[in-house]
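First chain written, first letter: the chains are A, B, C, D, E and F, and each begins at residue 1.
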Amino acid sequence: MSVDREQQGLQKLREIAGEQATRPLGDWNAIAPDMHRYIVEFVAGDILSRPGLDAKSRQLATVAMLAALSHAPDEFKMHFAGALRLGWTREELVEVLLQTAVFAGFPAALNALKWAQEVLSTQDKS
Amino acid sequence: MSVDREQQGLQKLREIAGEQATRPLGDWNAIAPDMHRYIVEFVAGDILSRPGLDAKSRQLATVAMLAALSHAPDEFKMHFAGALRLGWTREELVEVLLQTAVFAGFPAALNALKWAQEVLSTQDKS
Amino acid sequence: MSVDREQQGLQKLREIAGEQATRPLGDWNAIAPDMHRYIVEFVAGDILSRPGLDAKSRQLATVAMLAALSHAPDEFKMHFAGALRLGWTREELVEVLLQTAVFAGFPAALNALKWAQEVLSTQDKS
Amino acid sequence: MSVDREQQGLQKLREIAGEQATRPLGDWNAIAPDMHRYIVEFVAGDILSRPGLDAKSRQLATVAMLAALSHAPDEFKMHFAGALRLGWTREELVEVLLQTAVFAGFPAALNALKWAQEVLSTQDKS
Amino acid sequence: MSVDREQQGLQKLREIAGEQATRPLGDWNAIAPDMHRYIVEFVAGDILSRPGLDAKSRQLATVAMLAALSHAPDEFKMHFAGALRLGWTREELVEVLLQTAVFAGFPAALNALKWAQEVLSTQDKS
Amino acid sequence: MSVDREQQGLQKLREIAGEQATRPLGDWNAIAPDMHRYIVEFVAGDILSRPGLDAKSRQLATVAMLAALSHAPDEFKMHFAGALRLGWTREELVEVLLQTAVFAGFPAALNALKWAQEVLSTQDKS
């Protein structure tokens, strides 16, 4: 394992997801232990850490993609929370989700709004 | 037709697509003349003109969505050119397209890079 | 807000979804209050109210689209119930869902049949 | 090969696509000769010939599905032409395509309108 | 109903899903009794029983498709269990799911890994 | 750049795509020079080179995924040719494409058959 890619990836995951990001998120870790390494080294270390775009803008693009694809509630919620952590307001993020209706249709936008509401109501309670 | 929504929408389309944006883009105008009106009034006038997110960030979200969906070369190219017009550099936009590989797969990322290259090579010639 | 578009949209939503249609369906209303307005004014008022196609046929197209896309159980169920309300029999609607297997694959068809069954079993109990 | 399913399927394909429907449409026939048989016997003979929904309504559902999926220009055009042959007007069909913007997004709707325009301009010339 | 296609299909379903495969899997059977027949005769009898590719390889392709499409948890789980029954090891199947990240994106791969983990933990308990 | 990952990836790409695989395939190389490196190091070096599944079976899964997704003709053709190079017969591969009709619908299967036919007719001429 490349130390640099691993360290870089773990730091990036902490930026996006806080301390729990350094642990594999899913139950799948038992059957696919290398998956977490690829997420750390490739997704977070290689791609999301690239310097050519600031982290806040990059996170907006992530939320936009996951809203448009509309097939991954867990990843959407993690990255939606990450976008709040990186400085976007909930009002700004809701704008992106409304805009999903234009490009991916209203049902995809409503899925994203429901998932966002679950993140926000959890945060409001804590 | 609501004058305000129409005026607002046309102004927004000019911001994104320049002067040619005030004309329907496709041959479909003959069979669906109302489509251009919905694009002007609803897409551009209602949604893309909303004040809660700056126009430049919003355009990044549009490019991210169309890259992830990977099914609309013409709309992707128009909005990719619009993102350049609104102030993103080509290097920053390429970052979003690379990132598409993570969330929608490498084939979707390569589609987007090919379409982006077509926009950029046309601009470099003119 | 345009009174005509709003009135037209609310009337159309009542045709499709009955009285509960005049309220926003999802918990997302707290974070995105304008979404319900766009559904009323644009989706229902502008598009679904257009006179060029009868409401019953239009609702069949809606069910067909949501079955093929296979990513929006809540919207599918609302519009499936709406198709029953607009005069389609459950046997006719099941035909559309079977046909989904041809164009979007058997898994999409089975998703749609499961969601339809949930609507029908709820109605049979009440 | 079941004679009944084959005869039923060929008759149904002729209803939708005219006389050319009895031949395999694509160059793929050389490598996958059984594909045409499945289209005749299963798609057209088993599913599209089912009596529970009239052929005209069924064809509207087909056009709606292919417009929403937005990934099959050739099949869309064949079935769009088939919908005209089965009695829908071009104005009615354009209504379905406009409605695609609501459920699958504007880019999918614009794809469908472009493909429909190609069918209609070919028919207007002949 | 063709006896040969039915017998062939039921035998194939038993190979993939064991004895419970001879019963319709879903609650939808009440509203769409013919669906089970199409699954037996067409899916299992016509297609999955074709001799041109060995059953084990064919099942790998099925798992790969359902992982990439990422919209059908129930069908994925049934066919993932079927792939184990046909002789693939869990380690080999996890390789296919990891590979899904490349072609359909990491969120689709994580969906598939979660569903696979549910199958495996159920089997480990029994 | 990790020498091992690069060397491993280039060797794997040569297995799949022959000698031309060591060059970036697309015009996008000018705008995204790092993309080729990620394809070599991550896609080919990390994932496709993993030892847990034999290369031939893995390539079948790749073809199955790209056929089901139906949005990337160039990548499909490259990997379809790669599957022939790794030892699958055209008859076996056509079986996978026919099977796509079951899981992703007939239009996706017909797209894949058309793309496969283009690969095969090019090979038959040379």
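A few remarks follow.
Keep this in mind: a residue touches a chain if its C-beta (ideal position, glycine included) is under 8 Å from a C-beta of that chain, and two chains touch if they have at least 3 such contacts.
Quick caveat, the model's predicted, so the values are computed rather than measured.
Ranked by distance of CA centroids from subunit F, the top chain is C. Relative orientation of subunit D with respect to subunit F corresponds to a rotation of 120°, obtained by superposing CA atoms and rounded to a multiple of 5. Taking the mean of C-alpha positions as each chain's centre, the chain lying farthest from the centre of subunit A is D. Once the centre of each chain is set as its mean CA position, subunit B and subunit E turn out to be 40 Å apart. In this assembly, the C-alpha centroid of subunit B lies 30 Å from the C-alpha centroid of subunit D.
One finds 23 Å separating the Cα centroids of subunit A and subunit B.
Touching two or more other chains at once are residues 34, 38, 42-43, 47, 50, 66, 69, 71, 75, 94, 98, 101-108 of subunit C.
Shown here, the protein chains touch in all possible pairs.
The residues of subunit E lying in touch with subunit C in their complex are 26-28, 30-32, 34-35, 38-39, 43, 66, 69, 71-72, 74-75. The touching residues of subunit A, counted against subunit D in their complex, run 101-108.
If you check the complex, the residues on subunit A that touch subunit C are 70-71, 90, 94, 97-98, 101, 105-111, 113-114, 116-117, 120-121.
Subunit A contributes residues 2, 34, 38, 42, 46-47, 50 to its touches with subunit F in the complex.
For subunit D in complex with subunit C, the touching residues are 42-43, 47-48, 50, 52-53, 57-58, 60-69, 75, 91-92, 94-96, 98-104.
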